[in-house]
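The structures considered in this document are given below.
Presented sequentially are two complexes of subunit A, the first with subunit B as partner and the second with subunit C.
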Partner chain A sequence: MTRPPLDYLLGSDGVRADATLPLTWFTLAISIIVCVIIAWLLWVGVRRARANGGAAETVGTPLEPEQGRGLSWITIGLAVSAVPLLATLIWTMAALGHVVGPPRRSGMTIDVTGHQWWWEVEYHGANPSDTFATANEIHIPIGTPVVVRLHGGDVIHSFWVPALAGKTDTIPGQQNIAWLQADRPGIYRGQCTEFCGVEHAKMGFEVVAQPANDFEHWREAQLQTAPPPATPQLIHGMQFTTFRCGLCHSIRGTDAASHYGPDLTHLMSRRTIAATTLPNNPGALAGWIQAPQGMKPGTLMPDQHLSGAELNDVLAYVETLK
Partner chain B sequence: MRQPAYRTPRIGESTPELRARLHAIWETAPGWRGWLSTVDHKEIGLRYIVTAFILLAVGGVEALVIRLQLAGPDLHLLTPEQYNQFFSTHGMTMIFLYALPILSGFSNYLWPLVLGSRDMAFPRLNAFSYWVYLAASIFLYSGFVIGAGPNDGWFNYVPFAEKDYNPGINEDVYALGMVLLGISTTVGAANFIVTAFKMRAPGMSINRLPILVWGTLTANVANLLVVPAVSLAFFLLWLDRQFGTGFYQPSAGGQPLLWQHLFWIFGHPWVYAIVLPAMGMVSDGLPVFCRRPLVGYSLVALGTVATMILGFGVWVHHMFATGLPALSLSFFSGASIIITFPSAIAVFAWLATIWTGRPVITTAFLFFASMILLFVIGGVSGFMTASVPVDWQLTDTYFVVAHIHYVLIGINVFPVVGATYFWFPKMTGRFLDERLGRWNFWTMFVGFNLGFLPMHLTGLLGMPRRVWTYPEGMGWDTLNLITSIGSFVFAIGVLIFFYNCWKSYRSGAPAGANPWDAPTLEWSIPSPPPPYNFAVIPTLASRHPLWEDRLDESEARSSLDRGMTLDEGKETIITTAMDAEPDRIVEMPEDSYAPLLLTIGLAVLFAGLLVKLWLVAGLGGVGCLAALLLWLWPRQEMRERSPEPRKIGEPAHG
Partner chain C sequence: MRRLIPLLLLALAACQSNDPRAQAKALIASRCAACHVVPGVRTAVGVVGPSLADIANRQVIAGKFANNRDNLIRWIMHPQAMMPGSAMPEMGISQPQATQIADYLRTLDKP
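Right, the complex of A and B next:
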């Protein structure tokens, strides 16, 4: 069986999740054992009563006055409970030390901002010109701790990539720190987990963990501005796109420079659109541009009602944003 | 002074003449006048219970709609906004309008009966508490019925609840309604606390209180301390929304986390407030069917109090993911693990009671006994979330949804239904049907576990809570379908319960004064109890006045048939806080419209604030003042008297 995308019980793929997983299993095992023992004690206790004929009578059964006799149950019960509880307490503190802070030597730092209902991701380099933004898809190099500075764009969201690490909230007015370190290449599903309004359900993202080389290639590609349009259709598409879409989105290298919605400069390099709501293919993209309210009701992107020709031009242009 | 400050009460037997005289004194007027003005704790208790059960049914229907929406991936029964209002209203209803009020109802009905008193300490306050609860319930639902219900979950995080992101009237209704409800909870809490310490029969010293009283008392001390936090939180939210005060808005220098602290400082003790009284029901009811006293009475009572004290120090475990420093997290994590100890005392005490007793398997017993297992399941899942690193994965997934339902249904609904089977004969004079009872129990038990046990796994496989739908391929489809089926089976069980109540109320088998051969005071009086409860004030010599001959714990015997008659007016006795020695004779208030009028004034005030008609709000405020004047107008006949002449040089009591 393949692991469900948001599972954190059947495996882990990052340093922080690795440190948490055995503790999860330990507490889960204790919990199940405790439930089984109590269920057994209850079942046997009631069965014994039936054997004694208790069930047949409603009143008048003689009482057993010796009140002290049961007290040992409480003392023994508490003493036995103390062992797993203290073990859990110690293990919790130890694990907390492993997962809590970012390691002193971290490979890189990125900024992630939660918006209703998408994720803004910002990368930085040595120079200011090395800064670029993308959305809903976070690329990280494997084997390197990546510090994630979390910001709240509007309301509170929560940043969660279960295969790599637990949750950290993104809260307006404060900066929270999370960090990710993937053991192996892969695409790990993330999700907003703090209720944030109408489309809280459709606020996913993906973390793409790649070998350092691949990551560098990706970063260099992302730093490029959008290619200039080469044909009359593309020119018209670009004009129309910057005019209409540019009200909310930015496409670096064009006049579209608003930061209200996701950066579209390399839209076609991303695997999904609308925060993992749809796969990124021309059909889904056309549907999304025309009628986002049908696919993600309540999303802040309005339906566009473009004519067929306009839509074709926009699509043709957007498909060059690789 | 026309009357002396002391009076030696007459001691007598419970004779027909005395009972007739007391009946005339204590009876509520018939017809609608009596209905609107009664201050009888039994009437008020039953109203609480009926209202809370109706709201349980309403909240349950909301849950079923939610479960239909989630039965499969990508369903579109509800729009996202409708779904958000449904789950928020469901939470609000179950947590605020059902879970505590139902317990207040039982405690209101039972306390004077188990304590040997003729009423609660403040009967008019009691009536007021109910009326405000009713008004707040209607107020809180007024938004939902016009399509503007709360839409930010029951814990209502800011800034999403602020006007910028939530411009409708939804959150105004919720904020003001919660402040209104807080008034009901607060006055109710004050009444319970004073009643527990002052309104006990002579001889019912503090170590003879039923555990139900310990649970409710502890819960209400907590309520008195923490409800102001949440009322303040909602009031500040309302100010933010109406006047832009910016308490929670970072752009204005405010702090979103302030809300979470204020809310959870209230919210976590509240969770204990809605389970401790229910645990008390089990601690009192289960031993009756095990035919022996509860094992470890003192430990269970102390465990109740200790749980609550520790419960004040764990609220941050709801906020582990908010970026607080690791050092504070480890304190709260430790406290949340340690709180298992006092809570576990009751579990072992109940198990020991079953093992060392001879259980009689009635429907009530089944509900009480099964609760032990549900309590443990809800407890261990809570223990898992106490471990910070594990919680960072578990929190805000369906694992927590499963946990909260094991707590609220397992530790509240199951004991409450059991308590209904147990005390229904006392309240109505009739048994609930046992055959239907078995069907009732097994459908509820199977349905509940079928619905909510798999939900733990849904959460462990990563399903976030509060999502209106989910895509295919996440591994949650089958589990959600099972949960939806289980929830409907559970609903059928609840339906059988309501049907049983209705049927048995009309034609159930008659029950005598003590149908279960139970040991405590409420079973010493007729079923249903007369308006004055006790014809003569009993004097207690032990914790189990009706089992004394068989238990033979001591030489002394309680006096139930002979005692103070207190029949010169609407009187009862006040005793000292610890030893319950007679202290004062108090004149209890007559039935009064003042509580209802004050509630109407408050409702008008809050409605005026909601729609921002300040004139209406002002009129409501004036109405409140008028009702308070009527209420508090001094009356000579309502003063207290000492039951014995005061010796010279001895300071006055109180």
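Right, the complex of A and C next:
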């Protein structure tokens, strides 16, 4: 589902964005109105000055208080601008009250870490064995406040899902808190919004909001380890993948256990690869594995220089990571 | 307004779906872009396989098969059957999709 650009200005889909969107429009409208009024007054002033002989008038003598109503316009102007300013202030305070701090009864807490140039996501449950990691695709149940603990993996990034909530920075050595609550099911695009290096623009993610049941199914599926390889090609593919790619990736249930790159245990359950750079289909996936630098120059995954046969075996194996 | 935009997009998509060239380009952008340079598809800047810039002029594809429409379609559908171990993988492309893509590629005659 692709959405038109800036569509998050037309409607919000989450509790926090519900509070900030009308305020955004209000401030935008006020700003435009003020600009138009000021420009108009300026224009009238210029016209008047010209009609009275142009530059000569600007030499004019300073106004004395008893000389007329001229000065009172300053007071009137101040009083008039105080009204929208005050309205904005009060509205901003009210909106802030809605969006700050996670609600006291949050349904769920997840950890999100910004890395150059992808997002690590960690879920927890009642038991330590309920913990699992995924990347670039955050699933949440609808109607539930989800607390997002934000961590900085390397440099400062910023976590933003415009249709659901405002931005919060992810800062190395510090934990920031954001929270999300989606009103209806949908796939909402998120983006890093703090410049963080060459591939900052290709550091997107998706929030998949789904009914509680679907979310629970997803969560249970994510907890599974990778299936054992069933054919000679898959066995070779797995050996090669754990040996080579395991330097940076984990695939739970195999020897691949590094957390330098995204967890690949359920790679095929994701809609996109490389932080929404490519759609997840066999062609794009194979191209990415062989030459990530071609599609995302500077990404921290190096080109792999596999032979055709190796690439096909790796592809066949990772396609079993459903 | 919110309702209108998806409608407009749908209308746009409907216009496009009648245009086989637009469909072929969309397929190429999604399936082939990560490996090939393909003129007319902005995101197709892949460096895994050869550039397909003047593929219409080439005599031989993949260094082995005569470059004609049938072979091209077959290659796009089943590169592994034609040349096992090639770095170009099976991508689950259907015959109508492959035909669309091949017809687009066969118009690329400028290096």
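As a working rule, the second predicted complex is superposed on the first by the 294 of 322 C-alpha atoms of A that agree within 3 Å, B and C clash if a C-alpha of one lies under 4 Å from a C-alpha of the other, contacts with A are read in each partner's own complex, and residues count from 1 in each chain.
Here is the rule we go by: contacts are C-beta pairs under 8 Å (C-beta built on N, C-alpha and C of every residue); 3 or more make two chains touch, one makes a residue touch a chain.
Just so it is clear, the structure is predicted and the values come from calculations on it, not from any experiment.
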Could you say whether A:A212 touches subunit B, subunit C, both of them, or neither, answering first, second, both or neither? neither
After superposition on the shared chain, which partner residues are touched by A:E194: those of subunit B (first), subunit C (second), both, or neither? first
Quick check on the superposed pair: does A:D7 touch subunit B, subunit C, both, or neither? Answer first, second, both or neither. both
Is A:L315 contacted by the first partner subunit B, the second partner subunit C, both or neither? second
Is A:A257 in contact with subunit B, with subunit C, with both, or with neither (first, second, both, neither)? neither
Is A:G287 in contact with subunit B, with subunit C, with both, or with neither (first, second, both, neither)? second
Should A:A221 be classified as contacting the first partner (subunit B), the second (subunit C), both, or neither? neither
Per residue count on subunit A, the busier partner among subunit B and subunit C is B
Intersection of the subunit A residues that touch subunit B with those that touch subunit C: 4, 7
For subunit C, which residues count as touching subunit A in their complex? 1-2, 5, 9, 30-35, 45-48, 80, 85-92
Which residues, counting only subunit B, touch subunit A once they are in their complex? 79-81, 84, 152-153, 157-160, 164-165, 250-251, 254-257, 291-293, 295-296, 299, 321-323, 326, 329-330, 333-334, 337-338, 340-341, 344-345, 347-349, 351-362, 369, 372-373, 376-377, 380-381, 383-384, 386-397, 460-470, 473-476, 515-517, 547, 550-553
Which subunit A residues qualify as touching subunit B in the complex? 4-9, 17, 19-20, 23-24, 27-28, 30-31, 34-35, 38-39, 41-42, 45-46, 48-50, 52, 54-55, 57-65, 67, 69-71, 73-74, 76-78, 81-82, 85, 88-89, 91-93, 95-101, 116, 150, 152, 154-156, 158, 160, 162, 165-169, 171-174, 176-177, 191-201, 297-298
Considering the complex alone, what residue numbers of subunit A touch subunit C? 2, 4, 7, 10-11, 278-279, 281-288, 290-291, 294-295, 306-309, 311-312, 315
